[in-house]
Amino acid sequence: MRYGLVGANGRMGMEIQTAMLEAGHTLVYALDMNHEETTGIPEVIIDFSLPLVLEITFQKVKAFNVPVIIGTTGFDIAQLQAIKTMAAKYPVLQSYSFSVGVQLMLECVEFLKKKTEGWDVEISETHHRFKKDKPSGTALMIRNQLGKDAPIASHRLGNVTGEHTISFGALGEVLSVKHAALSRRAFADGVVLASQFIISKKPGLYTFKDVLSQQN
Amino acid sequence: MRYGLVGANGRMGMEIQTAMLEAGHTLVYALDMNHEETTGIPEVIIDFSLPLVLEITFQKVKAFNVPVIIGTTGFDIAQLQAIKTMAAKYPVLQSYSFSVGVQLMLECVEFLKKKTEGWDVEISETHHRFKKDKPSGTALMIRNQLGKDAPIASHRLGNVTGEHTISFGALGEVLSVKHAALSRRAFADGVVLASQFIISKKPGLYTFKDVLSQQN
Amino acid sequence: MRYGLVGANGRMGMEIQTAMLEAGHTLVYALDMNHEETTGIPEVIIDFSLPLVLEITFQKVKAFNVPVIIGTTGFDIAQLQAIKTMAAKYPVLQSYSFSVGVQLMLECVEFLKKKTEGWDVEISETHHRFKKDKPSGTALMIRNQLGKDAPIASHRLGNVTGEHTISFGALGEVLSVKHAALSRRAFADGVVLASQFIISKKPGLYTFKDVLSQQN
Amino acid sequence: MRYGLVGANGRMGMEIQTAMLEAGHTLVYALDMNHEETTGIPEVIIDFSLPLVLEITFQKVKAFNVPVIIGTTGFDIAQLQAIKTMAAKYPVLQSYSFSVGVQLMLECVEFLKKKTEGWDVEISETHHRFKKDKPSGTALMIRNQLGKDAPIASHRLGNVTGEHTISFGALGEVLSVKHAALSRRAFADGVVLASQFIISKKPGLYTFKDVLSQQN
């Protein structure tokens, strides 16, 4: 497919370019703070930039009349409302995590929590020393999915990209699910899947979970 | 419930007695090589003994007219046929693993294999140094569930009861499910669940997977 | 060797009997709350019982004129002083952990802490749900060995015997040392080593670390 | 310090530039296939390039009259001989791994192997799917350090940079040392240490192990 990318030269932008190229897709529109380049008509716009760019992104979505994927985070309430309004007319996919593995982990948690009544549950996460928040947002997502106030142990070690483990323990056994993000590539691969998903959809607000639910 | 136990003083038999007692169940019939004791009418017979005892176990099942759980392994074809024949008239639950965690792991594998096309898969298992077979039967069950010729790495270390890990790897992430059996207690707890399951069933051949499918 | 065991029928006592037997040693004196049996002259007395038994143990040590190994914990100050006094005349080995692996782990920590200046350090421990204290005593020993106020994450899962991990993280790598106790057998094997160590020693107070320092 | 870098724009070259910059060192000489830039007199030359460049590197070492660090691999016997000859007149540091953690792991192995007679030993390594060789060179280094024909299990998963685990197992416990390389940064940090080490040394052939032995 032909795609447009807002925030094309950011860290995630570069990673998305690599992943989309390997999947056979062509960048035909790129927008950055000081650069705009159009070499074709995109079939989808992908935005991994800053909240203040949202309005510009939406102008482009309207101009090209295409679906949009939003990976930017940190929107205020008015912007989140604008995203909903936009979704009434265009297919909009917004998510806080484009990692396939994290979504699969959450689905395992959903399955396992029903089958492990009376088991102990412990969540553990390890991230790089620069990460300020404890626990991580993904650890909170896991606990939220679990629907139970499980303890979360947070480790800050060197430059670890991100690891999450949830362990269920009974008297005779322990069952654990562990996710390790190796690099931003994990998230870029998720954006590729999201692109392939959204281009054939009707207007509406979608999440990354919808992308995976449709597969198989 | 009141239960009978064939192989009552074996290693698994002792463990089952402890787990059943904690769950509030009463041993009313015990059979061992040199000992038989009846203090009541059992509602179910549990057999963790040797293949050659099967016929005796079936006589007791008929005498008490109750369901039977078979955890004994190593039956020959004629015996497996006898089990099927028995299942036409009595509820019979036979399984090679009564670990809840192993079954849950297999169900996670079933779910994940559909969602991870193109990912690498590796299976790893660690057992005590006395274990002769490589890879373990459970590792083979995992590979069978996966439906794919994944590599299995087998480790033999000290007195490890049994650990199995299946890892799915994409370019940016690794997702793993790990099961650690801490002791035979894992399996005894499964037998308790199986007992509670089988006593209300119609005649037929059941497995441990059926026990868990019914829960939620 | 021929050995005596105070607390012979306790959980650790039973485990020690098994390990000593496999190592070719013979129990010739056994003492329990309601039982005393002498079938020979011991070359060493091993005490895994209760603090209040200490005086009786010391009477036997004097009577047989042999070294003593003390694995009992919870002594008061007067008792600890009595142990020191005893050590002036007899070889006395006292330790809070007879696990070879835990000692080796502590020695790795001692080595690594000098080589990892500026690295992050995190300690993690997992024990059974019945363990009341958080963090574990061994985790505190690891932190003490480290000489640095490292975070300790404590997990309580099912019936896990005891696992401790210490991880050192730099920007590009993580180095971890992990110890998993599989059963009380770990500690019983340490008692065997301690017995072989103490029988040839001069009077004095020894620890389990001395046992391992002497090997190789 | 001021340093020169041969293979400056390669993957490792870029990583070294980042690490050296953060450590306060200045790149004053850069050589690549199609580019040479001199902005000062280096105090050390670092070579992470290709074997065929070795001769040119040595010319520069002579011209600047400085020590050299060689991280390039794949030399033939004549080239290895040339390195030795060079070391008679210049401080030369050559190593197959500049990871501090891998060296520390090897030193733990050296220590532990003497203390774990009769224990089982298993080595395990995980790398990205593109890695052709099995087992990894580092796994072979670990086995070599162990001095024993321990089994090595190799896993190939997604894009894992590199993980190595060595586990020692007795009947009651398992002790493991695990190293995870998070990125080439691990190796770049080692090069920084090596630079600081080599600039004050007399002529001779040094390895990365010498760098770490000197610390503390």
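Should a chain be cited, it is by its letter among A, B, C and D, assigned in written order, with residues numbered from 1 in that chain.
Note that a contact is a pair of C-beta atoms (placed from the backbone, for glycine too) under 8 Å apart; a residue touches a chain by one contact, two chains touch by 3 or more.
Just so it is clear, the model here is predicted, and its values are computed rather than measured.
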Intersection of the contact lists for subunit A and subunit B: C, D
Relative to subunit A, chain with the most remote C-alpha centre: C
Centre-to-centre distance between subunit C and subunit A (centres being mean Cα positions), rounded to whole Å: 49
Chain centre separation (subunit B, subunit C; CA means) in Å: 36
Centre-to-centre distance between subunit D and subunit C (centres being mean Cα positions), rounded to whole Å: 39
Where subunit D touches two or more other chains at once, by residue number: 158-160, 168, 170-174, 182-183, 185
Subunit C to subunit D touching residues, read off their complex: 99-102, 104-105, 107-108, 111-112, 114-117, 168, 170-189, 212, 215-216
Of all residues in subunit A, those that touch subunit D in their complex: 158-161, 182-183, 185
Subunit A partner contacts - residues on subunit C that touch it in the complex: 119-120, 122, 124, 126, 129, 151, 153-160, 167-174
